[in-house]
Amino acid sequence: MSRRKRFKSNKIKPRHEPGRPPGSLDSGEGTPSQFSVIAYGEHEAKKLTPQSLSEVKKLESQYEVIWLDIIGVEDVRMLEEFGRLFGIHPLSLEDVSNVHQRAKFDNYETYSYFVTRMASRNNHLQSEQLSIFHQGKFIITFQEVAGDCLAPLRKRILAGQGYIRKRPADYLLYALVDTVLDHYFPIVDQIGEQLDELDGNLIESNRSFDLAQVHQIRSELLELGRWIRPNREMINQLLRDETSTMSKETQVFMRDCYDHVVRLYESIETYREVCSDLRAYHLSVVSNRTNDVMKTLTIVSSIFIPLGFVAGLYGMNFQHMPELQWKYGYFFVLALMIAIVSGLLFWFKRKGWFDD
Amino acid sequence: MSRRKRFKSNKIKPRHEPGRPPGSLDSGEGTPSQFSVIAYGEHEAKKLTPQSLSEVKKLESQYEVIWLDIIGVEDVRMLEEFGRLFGIHPLSLEDVSNVHQRAKFDNYETYSYFVTRMASRNNHLQSEQLSIFHQGKFIITFQEVAGDCLAPLRKRILAGQGYIRKRPADYLLYALVDTVLDHYFPIVDQIGEQLDELDGNLIESNRSFDLAQVHQIRSELLELGRWIRPNREMINQLLRDETSTMSKETQVFMRDCYDHVVRLYESIETYREVCSDLRAYHLSVVSNRTNDVMKTLTIVSSIFIPLGFVAGLYGMNFQHMPELQWKYGYFFVLALMIAIVSGLLFWFKRKGWFDD
Amino acid sequence: MSRRKRFKSNKIKPRHEPGRPPGSLDSGEGTPSQFSVIAYGEHEAKKLTPQSLSEVKKLESQYEVIWLDIIGVEDVRMLEEFGRLFGIHPLSLEDVSNVHQRAKFDNYETYSYFVTRMASRNNHLQSEQLSIFHQGKFIITFQEVAGDCLAPLRKRILAGQGYIRKRPADYLLYALVDTVLDHYFPIVDQIGEQLDELDGNLIESNRSFDLAQVHQIRSELLELGRWIRPNREMINQLLRDETSTMSKETQVFMRDCYDHVVRLYESIETYREVCSDLRAYHLSVVSNRTNDVMKTLTIVSSIFIPLGFVAGLYGMNFQHMPELQWKYGYFFVLALMIAIVSGLLFWFKRKGWFDD
Amino acid sequence: MSRRKRFKSNKIKPRHEPGRPPGSLDSGEGTPSQFSVIAYGEHEAKKLTPQSLSEVKKLESQYEVIWLDIIGVEDVRMLEEFGRLFGIHPLSLEDVSNVHQRAKFDNYETYSYFVTRMASRNNHLQSEQLSIFHQGKFIITFQEVAGDCLAPLRKRILAGQGYIRKRPADYLLYALVDTVLDHYFPIVDQIGEQLDELDGNLIESNRSFDLAQVHQIRSELLELGRWIRPNREMINQLLRDETSTMSKETQVFMRDCYDHVVRLYESIETYREVCSDLRAYHLSVVSNRTNDVMKTLTIVSSIFIPLGFVAGLYGMNFQHMPELQWKYGYFFVLALMIAIVSGLLFWFKRKGWFDD
Amino acid sequence: MSRRKRFKSNKIKPRHEPGRPPGSLDSGEGTPSQFSVIAYGEHEAKKLTPQSLSEVKKLESQYEVIWLDIIGVEDVRMLEEFGRLFGIHPLSLEDVSNVHQRAKFDNYETYSYFVTRMASRNNHLQSEQLSIFHQGKFIITFQEVAGDCLAPLRKRILAGQGYIRKRPADYLLYALVDTVLDHYFPIVDQIGEQLDELDGNLIESNRSFDLAQVHQIRSELLELGRWIRPNREMINQLLRDETSTMSKETQVFMRDCYDHVVRLYESIETYREVCSDLRAYHLSVVSNRTNDVMKTLTIVSSIFIPLGFVAGLYGMNFQHMPELQWKYGYFFVLALMIAIVSGLLFWFKRKGWFDD
């Protein structure tokens, strides 16, 4: 049942009904978005729950980095206010509210805009779009629904673990992307373990091999690959962007992140190959087994159908059947039958049908 | 029946019978083309139905942007007049009248020429070539037949929605391309849903899986990919063209449009993979099922054919068959039969034929 | 029978027996070549049949463009004379006489050399190498045998249709390449129609699907692709060649020709995919059908073989078989048989074997 | 059993639980690492077992090259001290302790960092990560566990074979990478021999072909390819790095090493193709054999089932069956049976079922 | 039997046991190598059999080009002397003695080094490594064993055919590479003819199709492709090498040689596709045929097994079977049987099982 939603839930959608002006937002009011802010400097970090965007804007003078996390992307009025306050291009706003974007990096003059995708896998694969804006001290993230994989990052900032509090906003940007991509590893790892088990089942017992699971895992890997691949381009583009405001130091970390994405993508590709191999191997195994079954049937039939015919022959009720009166007729027929069986068995043996 | 027209309707055709001079138009008169004009500036927009091309030409001084939409590409005299009036190269005119072009962008010195393809899918996939000329204030579009996907755009211009009335002709050009490509999304989306359903059918009930539909969808995706792919090159080429007269502002929108094309193309590729996977999975399922059927047959035959032989043996009419006179002969034979059956069942069980 | 020649006729051959000096021609005399000349300027065009090459050379001062068409490439003495008169590199001459070249463009200092391939398809696919030399006012073409696809071009020159008479020799070069490539369109188109029909046959009636034809078409497409692909490189190389003497104006036409080659190649690739899809689909259909046949066999056998055994059981001739004396024994057995049949039918139904 | 561990043992792992600060090491103490040093100059080479890293650092003034080999990467305190003493970036330290890296080359300002992978194959494929730091005179290697493939290299240094003692540290770096990659050759060679044997088995006797082994070898090649491929990029990047401190002379050797990697990777790719071909060939062979088995069954059944029916017909006990009273009825029926058999045999022959 | 050696004989080998110093030669003495020299200038060419390398070195002043051909690469002392006399890098010497190199071109400051591979095909595919050194007037070739494909070239030099005597050593280098590659053409051609025949067999008679041969040819093409591909890179690299001492004139010939390699490689790729197609087509044909066989079996069984049951029913020996006493019982049963047969035949017909 959950499977039936697989493609549907990930389907690509037009930004809006085709033909509407670009950069226009859906007019429906939508659920109001929720704000939460983590503002910090080297010596201080605070969690705030502002009521309005302008309130957030005022924090700029007090902190080194202000991370505004907005949950819900359907609140058009909020989006428009956000666009006004931070000078965001309508196309970016539209991309925020249309949650079917590929990962990408758009460098506008006054801000940078990133889209990536947070994945999770409980029973089935799910993903949520994460939009990140970077403008001076501000990092603004947009999520579709509450609940994300960023909790450890928040804890790190508030507890002052690692370097994060000592570095500017672009490091937080890196940390966000890195944390999101890190969460793909356990998913891919889990798939690897499932494939390992399936492979073992197929080789060892030939029994409970679940072809449908291979099929499903392959579909999931297709999906995962589609989510991961554009991230590679995104980070690459970011690293080569000459107008980028990202510090050299953060670029070293970002390059590390790039290595991770490449590693992820290679694993996904490898596992897709493994799925194909399993499928091909299974087909061969089934063909082999069908061949065995057929051989059994053919041996049994080839022996007993002719014998049955001979028996039937002497079960006929003709009045004039000389053999029936012979004294040793019956034993003669039995001997004939044994001869037929021996001959057939010898022939099958020579054909190699008993060698398995 | 409609299927039989699939390839035929999309077949590539020589521009003309091979060997005719390039840039020459078919001499047949063809149906006269119909004109309709939308001319607009920031404060005004008007829909006109001019009788001749020279009439249109005169609108240049009055409006900021003049969009001339021409329906019907077989009217040779009109095409020649159009070429004369706007200074169009014969090769472009030929491309307009030959409706089997790939999407492309040709930059001539005095004008730019675009070809793209409008798709629709009611029962089966159809497409129509849209040629777009851009020259100064003029945007001239050529369609094969009446009826298109541009209605919302016309409404937007006439109603003054969005930015379109405030921007020059190159923005209208963008809006045309964008609207055309936007209409691919619902088609691809619909295919995704069909695949989703097919996948569900195959996994869950194993019953009404329609292999022919997978085959047809795969053909349609092949076709769609062939239409979409050159659009990617076209926009890319347009964005990198240094002599382009497209304003920086419109280029931002065009880049957004490029992202859409990439997204479309990736979805098409993904769905083609899904089709292949479904096909491969179906083959495995059928092999599996054939194996099951064969096992059933083999078990039944291997048990009852030998039994039948034994029964036939004692149905023979030889006069001297000592067993027939034995008092418990019949019961002995019955016991023998039960022993054979038990032995065979045990052997099949050990072979794992009952484990499913 | 004609099929057996397929690969053989297209086989690649060493330029000569391996190890002979490069640029050396086969010493055999070969059939004498035939010359025909079309010489023209803006106001005049004449068809001539010169007896010797030096005669042709003298036409240079009289006409704007001289097209010398030579049929037969085995006349060594003529080739050597040609090389002397026009200053042709021995490697080019060797390429002319070895008719298994890929399409290519070699730019020598004093002349350009083109190789392309004229295709035709009557029952089976055939091709002929066309070598084109361009030197100043001269265009010299070499064909293997008489009969080609250039008749419409000749007519155009002689009748003065289109621009061709007004343009220099490089335009004729373009016209030759364009005419040759144009003749691939009807071939590819015809293949498309055949595939369309095969596809319809497979989907609709499942009856007369001709697998061998798919196999053959796929081979032909492989061949066609091998002929077309290098043309793409050839034209591309020509367009990017900075030392080229081709006029800007002709380059516009050549770019149009490039578009056609790309379109051709894409169609060929698409049709090869269609062939693969047909093959895969056919395999699935056959598997499905085999499964159906097997189910029928298994149902019939599983029902009647056990029944036959029961009947055989009571056909045994033991003297002491109590059931035989029972008054209602026969009817009891009949009832038992009906019960067996019902049970089996119910079981098959539950297994879903009747659902198709 | 060992197979079940295949994918699991090679699974990719997140650097740490997702969300922890980058460059942080696992806090667990881990087993203490073991040091061993080989320090040498042109005239002297010594093997030492220092107790601490600072002891090693002091050797700098005495020798030309100091190779510190560290076994065990879980000793966090040691790693931190190492980072402090040699000025290593936390990300590099993290890569050392996380043993699931792809081969790579990171050029930091004060040192270079290499990761590669040592492979071995006893029953199943295994690999171990080797991290190499190069800083001035120091080469520091990190291995996961004791036991490696570097013994011949150590012997060469201590015995003063070849050039190694006369060259600076970057030559040792090359020698390490080269030795590691050299050990892939016997593995790939062994796989080649196994494939050779499998291929022979399949073609010649059709008997003991082990499909599971092909499946396993293919998986191993997938794994090997995944390990080798990034080495190619690594060496390439090293050779093109303009800031590299590698001497021209060593670069010549490194290029040789690059050739080896390319050769390895090509062999792996080739063998993967061979696996696919074996799989496909096996499937065809099985299909062929199933077809043969079916033909046997069909011939036998088609002959004897009808005969059996005829015999059964005259075994019926109707009182009024005129044929039974005929004098030559029995012989007539025998003749009929022979006629049926002959007819069927002739029909099968014409269908080509006996031609193998 | 010869097949079993296929992969083994081509296996890749480590340059030496892993871990030995690079550039070191195997210490075994090996068979002494044999020298033969062809030295020539425009007016003179001489074949010599020198006893030592220093003798060869002295020829430098007397001739324009000196081609030293050395047979046997295991003579370590000779190789070392060669290295000393001509100033060859140890890595090159090692590559000479390790006969499993890919084709390559190494440009050292004082000499160029080429590796290529001479192929032959008598029953099975074989190859031999040819190393070529070019230094000033000297061309030195190393072969593994006596017997090669260079005889025509030697004859050409000695007889003074073609241009070769008039040109410097780099032309001889070209001639060597060209001659070696030319010898691939008849091999590929022969394979093409075999495929042609196989294809014909499969399509026409469906009889003696040799699947194993397709499998073997495919393996050979894999091998050939592996030998040819690096030659393409080698020549390409040579042509683009700016420090190359190759004259412009020879480069024209080398480019021609490049065209040949491309043509070869394309043919190999095409034939590999043909093999795949044959394999796929064969699989479909076998599936089709199995389906036919099954239909025959099913039709026969479905008709006669039920009939046999009916016959068996009235062969039972119950005392009270009223039908047996009916006067026309027998004829009634016969009629029933005819009805059953007609019904089944009609049903099969409607299912389309008789349409082939």
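Lettered A, B, C, D and E in written order, each chain numbered from 1.
The working rule: contacts are C-beta pairs under 8 Å (C-beta built on N, C-alpha and C of every residue); 3 or more make two chains touch, one makes a residue touch a chain.
Predicted model, so just to flag it, every value in this text is computed and none were measured.
Taking the definition of touch as given, a chain qualifies here only if it contacts chain C and chain E alike; none does.
Averaged Cα coordinates give chain B a centre that lies 40 Å from the centre of chain D.
Centroids of chain B and chain C (each the mean of its C-alpha atoms) stand 25 Å apart. Within chain D, contacts with two or more other chains are made by residues 283, 287, 290, 294, 297, 301, 305, 308, 312, 315-317, 321. If each chain is drawn as a node and touching chains are joined, the picture is one closed loop, every chain linked to exactly two others. If you walk the ring beginning with chain A and heading to chain B next, you pass the chains as A, B, C, E, D. Put simply, chain A touches chain B in their complex at residues 3-8, 11-15, 17-24, 89, 91, 100-102, 104, 206-207, 211-212, 215-216, 218-219, 222, 226, 279, 282-283, 286-287, 289-290, 293-294, 296-297, 300-301, 304-305, 307-308, 311-312, 314-317, 321, 323-330, 333.
Within the complex formed with chain D, the chain A residues making contact are 149-153, 156, 161-164, 175, 178-179, 182-183, 185-186, 188-189, 192-193, 195-197, 199-200, 203-204, 252-253, 256, 259-260, 262-264, 266-267, 270, 273-274, 277, 280-281, 283-285, 287-288, 290-291, 294-295, 297-298, 301-302, 305-306, 308-309, 312-313, 315-321, 352-353, 355.
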